[in-house]
Amino acid sequence: MKETIGFIGLGSMGLAMATNLVKAGYKVRAWNRTAARGEPLSRLGATLVSRPEDVAEPGGLILSSLADDTALEEVIGNNEGLLRRLGQGGVHLSMSTVAPATSRRLAGGHARHGVTYLAAPVLGRPDAAAAGKLWIFVSGPAAAYERVRPVLRVLGQGDFHLGEDAGAANVAKLACNFLIASTIEALAEALTMAEKNGLARTTMADLAAGTIFNCPAYRNYGRLIAEGRYEPALFKLSLGLKDIRLVLQTADSSRTPMPLASLVHDHFLAALAKGRGDWDWTALAAEVSEDAGLPAPRPREQAG
Amino acid sequence: MKETIGFIGLGSMGLAMATNLVKAGYKVRAWNRTAARGEPLSRLGATLVSRPEDVAEPGGLILSSLADDTALEEVIGNNEGLLRRLGQGGVHLSMSTVAPATSRRLAGGHARHGVTYLAAPVLGRPDAAAAGKLWIFVSGPAAAYERVRPVLRVLGQGDFHLGEDAGAANVAKLACNFLIASTIEALAEALTMAEKNGLARTTMADLAAGTIFNCPAYRNYGRLIAEGRYEPALFKLSLGLKDIRLVLQTADSSRTPMPLASLVHDHFLAALAKGRGDWDWTALAAEVSEDAGLPAPRPREQAG
Amino acid sequence: MKETIGFIGLGSMGLAMATNLVKAGYKVRAWNRTAARGEPLSRLGATLVSRPEDVAEPGGLILSSLADDTALEEVIGNNEGLLRRLGQGGVHLSMSTVAPATSRRLAGGHARHGVTYLAAPVLGRPDAAAAGKLWIFVSGPAAAYERVRPVLRVLGQGDFHLGEDAGAANVAKLACNFLIASTIEALAEALTMAEKNGLARTTMADLAAGTIFNCPAYRNYGRLIAEGRYEPALFKLSLGLKDIRLVLQTADSSRTPMPLASLVHDHFLAALAKGRGDWDWTALAAEVSEDAGLPAPRPREQAG
Amino acid sequence: MKETIGFIGLGSMGLAMATNLVKAGYKVRAWNRTAARGEPLSRLGATLVSRPEDVAEPGGLILSSLADDTALEEVIGNNEGLLRRLGQGGVHLSMSTVAPATSRRLAGGHARHGVTYLAAPVLGRPDAAAAGKLWIFVSGPAAAYERVRPVLRVLGQGDFHLGEDAGAANVAKLACNFLIASTIEALAEALTMAEKNGLARTTMADLAAGTIFNCPAYRNYGRLIAEGRYEPALFKLSLGLKDIRLVLQTADSSRTPMPLASLVHDHFLAALAKGRGDWDWTALAAEVSEDAGLPAPRPREQAG
């Protein structure tokens, strides 16, 4: 009989992960601020509760997938009731993309209730979450990591334990998102230069992804950027900006100049200022095209 | 019996390619400014000549692999004797990394002698050239491309014909080198942020290359940058700077702002100013580390 | 008989301003976290108190000069005792460089006690404060501004009322500090290019300041940067970085990309990473020089 | 009786300078590619000639004011007839904004004919040229400088001899234009941040120019940028871009990273890509405004 899992946060990522857990035979007790989001999960057999603290049981395991640092602190970090209930032996697998400093602060607070905090941010968008193909970076105590590995195997195609420092997995996750954002910027500039010199954007994208950049990031993003397909969003630009802010904040507090992160931030910010926050984050490329005098993309009608 | 090939320029790339052609059964007549570089080739059966024009025969095929735009213009573009000798039906496969504008100018000049100019820059370093594993971008008349395909198959693992515009292949090649340089910058910043936040550089490099960036560029460069192994150079920083200058020049003349190319240029230039022009171009990462207050790398002794 | 003024914060700026007020005949009641800093002021006749709230009297005027947003919020914004005591008709002239958002938040909190908050950040370093030569930007209710004008005339050579929005004066102050930091960056690059092309730095600085840039900012900073005199600090680099962080934070929350502010931030951060936080903020120029391969400046011995 | 002066190049700067020389009593013999431009000068008593070499007399003085390096090289540098005619004791006062390397190369070529080349680029727009209020930077042999000083006094409000290196004055001039372009960028960002935070652009511009930036550059440019008055151009954006290219070229060849020059270059290039090359170079500020989501400026009708 599998363990009961408390699940907090049923956004598009959280819902997909919770669904996979239910399907894998776990008993899931879930909470979401907007309860209606949980209905599909409920139909599969999960229990929905009305307060975050109600997902926890003594010494149990909870997973969280929340929007940002503030939500994580409010719903769990400052929720004495929840932490007390979880108590000695409890484990919190915290899958949101947050600042390393937030994880470290929460780890300390959890410990005062005997709860182990594991940072476990993921790489992959909702489609990867639904397919159980996430990559998961974990940091925190090794014993707790061993305990949650069967759960991680349901959620992802691979996981990496990055040591005891609660913040380490967040550092890795932020670095990866920064690498993706940098790839978007680089592809945007390369494809724009190609276009303005008579070489088709799609040809250029395929050349790169077909030779030395034959990997998911270049294949997926290259096509989107080449075709200027910025809607519907697979990952919203406003969320990309949020993550780059965390990168710059982490860089600043560790005295690490990151001029490329600054450049990407300024391009995301320009896109937001133009009302493109709900477009896909590859729409950063529209800033590069427009600066080259090419026409601004017009929002597409979403596929019916 | 295979065609005779005239080969101009026996630098580390040219020598490797010419060697493969000889081994594949082509009769090669080669010229290099410093004749001694051709001796190994001569021992394999190639003929060395003392003037560039002596490699050509009427209606024949020549390949060139020269240091830069200036060398290409001097040795071939302005070499009336060579072009006249090659004459009607002759083909020049020009494999150097040069500006698209240079290729276009040369294509025009060649045409006045009935010679077809094909731009054919390559992706890959000398080890890939020796292994016949280059990627080759070709542009120029389709008929000439068909004629040289058997030769390209000896030199590379794949080739792409990008249309009639002589400059197109150079645009693609410059865009790829820009993408690599951008990758170096991005990895440098990501690994430095990781290091300053307690996560080992090699761990971070392996995480990226083991998940969504699982491609040669990230695997190869990630390791070099993580370990700070900048000598011996696989591709010299001064040559990387030369290529980024061509990128910026092409961008400027086509009115394409490329702020990331400017950033990479400034980092390469700083490295050159510090006397690091002979290090590998991944040493751009040393600029990022030093700006974060980490110690400057010291040149390694080269392996004996 | 002049009004009694409560003065909070006796750093180098605050002490100079409070001293001028005493000399001008105001009765001053002052508080500083480290009481000993107030002794010179006490000898001139000011009263030192042991709690911030003790500087206030009903309907009176207080001035504050505190290190940053956090200090301002702790010592005054969240100090219910102080605000209640000041009460209806009281005015707080808040001279620290803080975020516009901080001023707006405090203005709201003050209003609940009947206290008027005036943002009044200043342009000028301690020597200008001592000479009563500050420039003062004020924002908040006009009636309160009229009341404090005689005080402003003691402290500065000119003041500007920028309207009712409490944050306006902070916006103006941050913009000015950004302009100065940009001037430092621009001069650093210009003088380094001059030096590397055979023209003496001091000659170049004097040419600019003697022609179209004949104003205090270029005259003062030009000389410091030309001579590489970064110690003793007239304004610490770590404080300059703090202000640029406020600029970027204000820019980010208002969706205003400021790439030059990002550049300056990254240079300040690099200087901090190298242990130069206590140097003058013109030491940003050392980053530019070092990137050009020129030797790093060595800390000077301070004049005896 | 005053010396005869040969004058080459009657653009808006050249015509204004030549006019002042005629009015000051000099005998002027002038050439311009488009002869009609010289008519107003002819009416004042100047002689117009049909070939550049006809302006010169043995051992005489010529002034040139040409569009760029290429024009200067073609019309004078490679004009053997002109240099031979000028011959031993001749002096060429070269007032165009060109690369230091161009001046050095021309100085060498001139010397072979016994002609002294003086670089003498100027600060100031056509209105300053007309008023005899230019600032003039001179470099080259001191004796020749002494000879031309009376002429310089007619043209400008001040001149500076920067030593024997022919390129030195060009270095200084390029550095000044870079400082102005940087000022435009800085003001653009500062005023945009102000505007987006509720503070009027003109208020902000006046605050800066009325306090620590009380100098011509900030007073003049601040107002133009605040009001978005980009037409008619006082100095065309395309010419500003030309000068920044010279700055970056000089920086590159001397291994001086200038990230702020790169940033300004990219903004000018974006403006050119959008068809704004004929606007005033302060229109760089429109790039900053648009990136902040503010509406693009529309070309004004020129004053009637």
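By letter and in written order, the chains are A, B, C and D; residue numbering begins at 1 in each of them.
Please note the rule applied: a residue touches a chain if its C-beta (ideal position, glycine included) is under 8 Å from a C-beta of that chain, and two chains touch if they have at least 3 such contacts.
Source: prediction; values computed, not measured.
Taking each chain's centre as the mean of its CA atoms, B is the chain most distant from chain C. If each chain is reduced to the centroid of its CA atoms, chain C and chain D end up 38 Å from each other. Taking the mean of the C-alpha atoms as each chain's centre, chain A and chain C sit 40 Å apart.
Multi-chain contact residues, meaning those touching two or more other chains, occur in chain B at positions 251, 255-259, 263, 266, 270, 272-273, 291-293. Taken as a graph of touching chains, this assembly is fully connected, with contact between every pair of chains.
Against chain A, the residues of chain D that register as touching in their complex are 259, 266, 270, 272-275, 287, 291-293. Chain A meets chain B in the complex at residues 100, 123, 135, 137, 158, 160, 162-163, 165, 167-168, 171-172, 174-176, 178-180, 182-183, 185-187, 189-194, 196-199, 203-204, 207-208, 210-218, 247, 250-251, 254-261, 263, 288, 291-293. Interface residues of chain C, counted against chain A in their complex, comprise 245, 251-252, 255-259, 262-263, 265-267, 269-270, 272-273.
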